[in-house]
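What follows is chain A paired twice: with chain B in the first complex and chain C in the second.
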Partner chain A sequence: MNQAHVKIKPNIQITAFYLFFIIHTMQIGAGIMGVPQIIYKESKNNAWISVLIAGVFLHLTIFVMVTLLKQYNNADLFAIQKDVFGKWISRFLGTFYILYVLTVTSSILLNYTEVVQVFIFPKMPSLQITFFLLFLATYAITGGFRVVVGSAYLFFFLTIWLVFSLYEPVRHVDWDHYFPLSQATPKELMLGAYKTTFSVLGLEVLLFVYPFISNKKKVPIAAHLAVLLTTILTFLVTFISIGYFSGPQLEEQIWPTLAMFKIIQFSILERFDFIAVAFWGFVILPNIILFIWLASYGAKRLYHVKQKHALYVIIILLYAFTNFFEYRFNINTITDLAANVGFYAVFIYPYFLLLIVLVKKKFTKGQGSGTK
Partner chain B sequence: MRRSRRKSSNSSSSSSFPYTIEEIHQKLKDIFHQSPDLNMVEYTIQQKKVAIFYITYQINKVQLNKSLLPPLLKIQQQNLDHKVILNEIPLGGGEAQDNIDKIASNLIHGSACVYVEQDEKALTYLIPELEQRSISRAENESLVFGPQISFTESLVSNLNIIRWRMDTPDLEVKKIIVGERIPTEVRVIYLKSLADDENVNTVQQRIEELKVDDVLDSSVLAQLIEDNSRSIFPQILQTELPDRLCYALKKGKVGVVLDKSPNVLIAPSTVFSFLETTEDVYMRWNMGSFARILRLTAMVLSILLTPAYVAALTFHYEVIPSSMLVSLGQSRATVPFPPILEALLLEILIELLREAGARLPTKVGQTMGIVGGIVLGQAAVKAGFTSNILIIIVALSALSSFTAPSYLMGTAIRIIRFPTIIFAGLWGLVGMLFVFGFLIIHLLRLTSIGRPYLSPIYPLTIKDFNDSIIRLPATIGNTRPLSNHPKDKKAYSEKKAKKKKDIDE
Partner chain C sequence: MKRLTLLMICSVLCLTSCVEKKYLEQIGIVTAVGYDMLDEEGWLEGTHVLFQFDPNQANVSQIITTRAKTAKGLINDASLKTSKKLASGQLRLVLFGDKIAKEGVMRLLDTLARDAEIADMMYIAVSETTANQVLRANNFEDAANIGTYLHQLIQKNIQDEKVPQSTLHDFLHHYYDRSSDPVVPILNEENSKPTIRNLAVFRGDQMVGKISAKEGFHLKLLKDRFESGQLEMVIPQEPFIDDKESDRHYEEVQGIYINLGELSSDTDIQVVSVDNIEFNVNINITARVLELSEAVKMEDDKIIKKLEETIDKNLEQQTEELIQKLQEMNSDPVGFGLKYQRKVGPKAMENDKWRELYPQMKVKININTKILRSGIIN
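Let's turn to the complex of A and B:
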């Protein structure tokens, strides 16, 4: 059972401390810009409860993932799949996962491009914005895993202060918006929670970077804390949006989070939202870097190609692909596709895989004792 | 011995020792290409012809006339040969040579050669005259207080200063010769009980593996052994201050001293070590912390201020508060250029002033600064070339970049400003953020002798914040920087430092 083992050179191993940033920055990205509206559509002014439900579900998923990984010595998803399903099926599943990752990446790229075009430069071609982002991603990934992790970590600190700017909208919150408390039916709440998961995809990275972590004992706490922070941030944004915007207004806002930045002013800065939207590039940059790293690393693991070559192919594909989608309708289609596939790939599949692994383990154990 | 003799007979094909005086003179002349500087003096001592060769300006005449010649001429013994002379002359550094090429090389390095006709070997005495400037105050890294002594171009006196400052046998010095055509001596120095072996080996290996004609200066050596030679950031610290070197050695770093160069290299270095001075250490901890944070902010401001102005005025008028917009509009009303040109013009003006000031002799340079700074700035605004506010911003960012204690780092920061301004002018905030993101990823990628350049920020070592970004009082910070991987991590016992007394005890 412990045959699946991924060897990682000690000089590129990281401590669980950085796992926190990897998981968290991967989860927070383009999704949180618009998540309040999406949940609000399902569970109205009880949307914040949906976020909490989703949060519980996130922790449960992390728990399942960690349990799954603990069944093996030092394996990642590719190794586990190979052990469970054999060479060919696992290769197919792995390829599928890479395709899913690429879909998510293009969805992030497209969403941010659109935000920049709406808020700052209506005439800036998406060719250029995606070029900037993909160029930075390539530059970071060619630096190796150390730089990939470093950028997740540094860009987290460069952007986390944006949370404090929510102080201004908080002062304008209308508390009446939260009542009545139990307006949504349980089904609506669950639907809201389901929709929340779309914007917090990314915790699956744990299944891939696990072998890179030197102190495995601290993995659960780092992962849970990361997910906790994600839940708190999503909750904050949703909760404040509900109070800040009126119901119909919120349903109209595609990016309520960014819209809240509009009223923030400083004596030397009148429109903070410009800075915030530009800075949002740093929120999604680690997202893109990590996702593309994941895809290129996956290609290396599955097909034994050079990661560099895989990376260049992926970057060119992404660049070509994202620039086909110029209309909002298409962006929504790709985002929905990524979200739906992501729900199954991230929140259903690990449970299923754990079940199979456990059953298989029991079976082989039974067999082993039988032969004795 | 036999081996060397065979070698010498190979190299000098026509004939080998013993020579007549004329023969050896001719041979040396041939080696020096009939140079007029080769001197020969002939004496007859105890019926034997003795010749002394030397290069006029390479030897110390006083030593020659007082310590070498008088005892030589007073020798009473019969059967004069090199052994007798070696025994009689009260001078150290005498060597018996039977290789004519080796003798020539010794002559260049400041030896006098004594040869008894038809003897088997010649003697060389090392009595060099080294021209060097005397030790003076530091010019480039100036300090308000603290030791003022600085290194000179002479390796001997530099090592002398280092040994004087660090009088412990723990200080290990390794000698390496660099340069295939013009060999230069390099010394790798570190504290044996502190410095990480891997760091020492990396530095040593990189210098040993160099295949170059010659190394002009230690700054060239630094460029040759750096991890990323394409980067604009210097990755190895250079200093002319002995106290700075010793301070770094005491933290477990490795120093490289090069002959003929007044700068010493310190590795591994982080981006923050380029922003610290020893003065921060000499001042009280709170003052030192303030100075360091000030410099760090200055660097960020220096890169971002002018581009922010350009971006805001070209694309994002909305960002500027309305009260400020009025005065900005007024001062920019007469400016005929777009902000990007206006900013580039002023930035280039400042760069020209700096460059002209650096090239001109000091006396003229001062006038230059005044003419450029005051007259040109005033005239530019009056003529409607630039706005008042931009002058302030450009001056502020230039001033900020000059606060970098390392001249190389300051220059790097100033140059980075230009692409940032261009990107800000072309694509506003998005362009600026692109450059900023690129810089961050670039800094993340850099390493210095294999150690991360952004340490202690990444990888995060909170204990190392002391003495890199801030300074803590001695009772709190008791560790040596962990990112240097020192063998002994604790500088002093924490318990003793933290021991507290009760009131009035």
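Let's turn to the complex of A and C:
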């Protein structure tokens, strides 16, 4: 029954090992800079519990995605949608997904641009910063899928050491802030978990790169490990922020994670936060590379255009769009939009799709046996 | 893979590009700022200590005094008075005049918290008189300028555990924590040399009183832990009257003067009763005797025990006095409020509830001192 099948040439296939880096890099980006404040606003000093709840939900979603993909041989979301909904609806849904991915990308670009302007170069125009980032992204994506994956892999190791610099803020943690433990109501905890999901969007990439993976058996492990690491990192920054800042202070911080780097000093380097913000570029870059690759690849799959042409159009659109926004509240609007749409597209839709696929499968099976 | 290498190189070049060039010789690095309130409504006087690099000159420090209504306005006004480009990324110390500290300092700290250029590890201090007077003092030892001297003075004393942590981060942390309050050192000028004698106690962002640096010891005992502190105290002579080797007799010395060093402590504050706002504080101290004005027989265990108990009682009494003083000021630098919050949750502490409860607080202090060594003699 499963006609949906995506053929990928063996020379651009990757092993599941790299899937770990793809998913993790997609998830960690601009969001983690500010996530402690967003969760704290909902569930106060129990915010870290919300992160753990969100983590469980992430694993569940990965499980659902993997189950969904296993129903087919070698399909991605586009193929599955086509199989389930037919040509036109699937094309509409696919386009919608691409638009969502582009909104997320612009939100990342805008947020990072703002961070650079606030922290390091107040006079550097957005035109320049976004140009650099988009130029590098274009360069990487024209190199093909393997370069895209390679960038995720390399930049992961370039930036993961930043975790260890959290040691200094830990020493300033006020342990009294964590108590009482059962402060937030279940509703607040769930709201906090809901807000957490905003900053860990990106695991949907699994639905698109699945056909590229040569050893499918290892997919679940790689995907689960990736979201586990994301959960751990989000948990760490949230947990430490709660102790490091006092409550109302944390609520005022726009980027608590970056603000925590402000107390790190070395004798040869007084201001570690500048280094951290500059290094954040290495976190952001593979993030947007992957997102833009996804969008251009989606355009290719849906409309049968050349990926390169789609890429150029997307880059120009993004460049024009991101320089359209200037004020913080505009950026907030676009970020909220991306987050809200993302929640449904990433955390609700796969469950729904799996349900339909399973029902359809049962139905066709029954029919098949009936004709026999 | 070639493309990947190129991507790396390109990103290093692009993402680290220098946009704004700043030449070292043209920059005046602000190392310390003092804020005073003028008599006219809303006007501030700012004192900026600049550090400049001039290859030809030996004197590299400059002080600029300006007037404006906001902190950033003061910097703007200052740029009219110097050829240097002012940079505040190396700001090490903010000094508030006595008057503005009593009025409230958040008005000025706001910009420091907002500006990403400002380091969080910068120190906050209050001047005994005006900030201008302290910053204009001309004896700053061998430091490059007064800003560096004051920074080192405070830093050293924090490391020596004589002054509590008073960085911008700590100040903001305690300010926003509605159930604890900041404490910063007070700088005063003695023979045109700035020194630390007292500590300023804040309620919110207003200075409400001061305690001596000696009382600061008891404060640190309550809120923090000592790793190698030092303490001088007077204990009554009576209990030891029979235990002395009577070779020393000082008419003018009333009681025994004792100095403890290598003092380490650890503190446990517990809420005994939420309704009656009762706390129990258990403090364990270990120390060694550095100095004794009377020759007490230190080889005897019983006498050491007696000595320890006397020290305990003395410390307990002094610490209780300090808490009483702080309660009168209605300022909680120890953070009893935080311990209370642990029990009742942050919601019960909203609307400055703790300010009403704090003066009624009852604290029972229990100190347990252990003298480990007595130097190389008994």
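Everything that follows uses one rule, which is that the second predicted complex is superposed on the first by the 372 of 372 C-alpha atoms of A that agree within 3 Å, B and C clash if a C-alpha of one lies under 4 Å from a C-alpha of the other, contacts with A are read in each partner's own complex, and residues count from 1 in each chain.
Note that a contact is a pair of C-beta atoms (placed from the backbone, for glycine too) under 8 Å apart; a residue touches a chain by one contact, two chains touch by 3 or more.
Keep in mind it's a predicted model, so treat the numbers as computed, not measured.
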Worksheet entry | Fit or clash - chain C, chain B, common chain A | clash
Discussion item. A:S151 in the overlay: touching chain B, chain C, both, or neither? Say first, second, both or neither.
Written reply: both
Item to complete: Look at A:L191 in the shared chain and tell me whether it touches chain B only, chain C only, both, or neither; answer first, second, both or neither.
Response: neither
Worksheet item: Which partner does A:L269 contact after superposing on A: first (chain B), second (chain C), both, neither?
Response: first
Worksheet item: Regarding the shared-chain residue A:H172, is it in contact with chain B (first), chain C (second), both, or neither?
Response: second
Worksheet item: If you count the residues of chain A that each partner touches, which comes out higher, chain B or chain C?
Response: C
Worksheet item: Should A:F17 be classified as contacting the first partner (chain B), the second (chain C), both, or neither?
Response: first
Worksheet item: Which holds for A:V118: it touches chain B only (first), chain C only (second), both, or neither?
Response: second
Item to complete: Name the contact category of A:P248: first (chain B only), second (chain C only), both, or neither.
Response: second
Worksheet item: chain B clashes with which stretch of chain C: 4-12, 184-192 or 364-372?
Response: 4-12
Fill in: Shared contact residues on chain A - chain B and chain C
120-121, 124, 128, 132, 136, 139-140, 143, 147, 150-151, 154, 265, 270-271, 278, 281-282, 285
Discussion item. Quick check: in the complex, which residue numbers of chain B touch chain A?
Written reply: 315-316, 318-322, 324, 427-430, 432-434, 437-438, 440-442, 444-445, 452, 454, 457-458, 460
Fill in: Touching residues on chain A, where the partner in the complex is chain C
44-45, 118-121, 123-124, 128, 132, 135-136, 139-140, 143, 147, 150-151, 154, 172, 174, 176-177, 179-180, 183, 244-249, 252, 259, 262-263, 265, 270-271, 273, 278, 281-282, 285
Worksheet entry | Residues of chain C touching chain A in the complex | 1, 3-4, 6-8, 10-11, 14-17, 19-20, 89-90, 113, 116, 119-121, 167, 169, 172-178, 180, 335, 338-339, 341-347
Discussion item. Show me the residue ranges of chain A that touch chain B in the complex, using the header's touch definition.
Written reply: 17, 116, 120-121, 124, 128-129, 132, 136, 139-140, 143, 146-147, 150-151, 153-155, 158, 265, 267-271, 274-275, 278-279, 281-282, 285
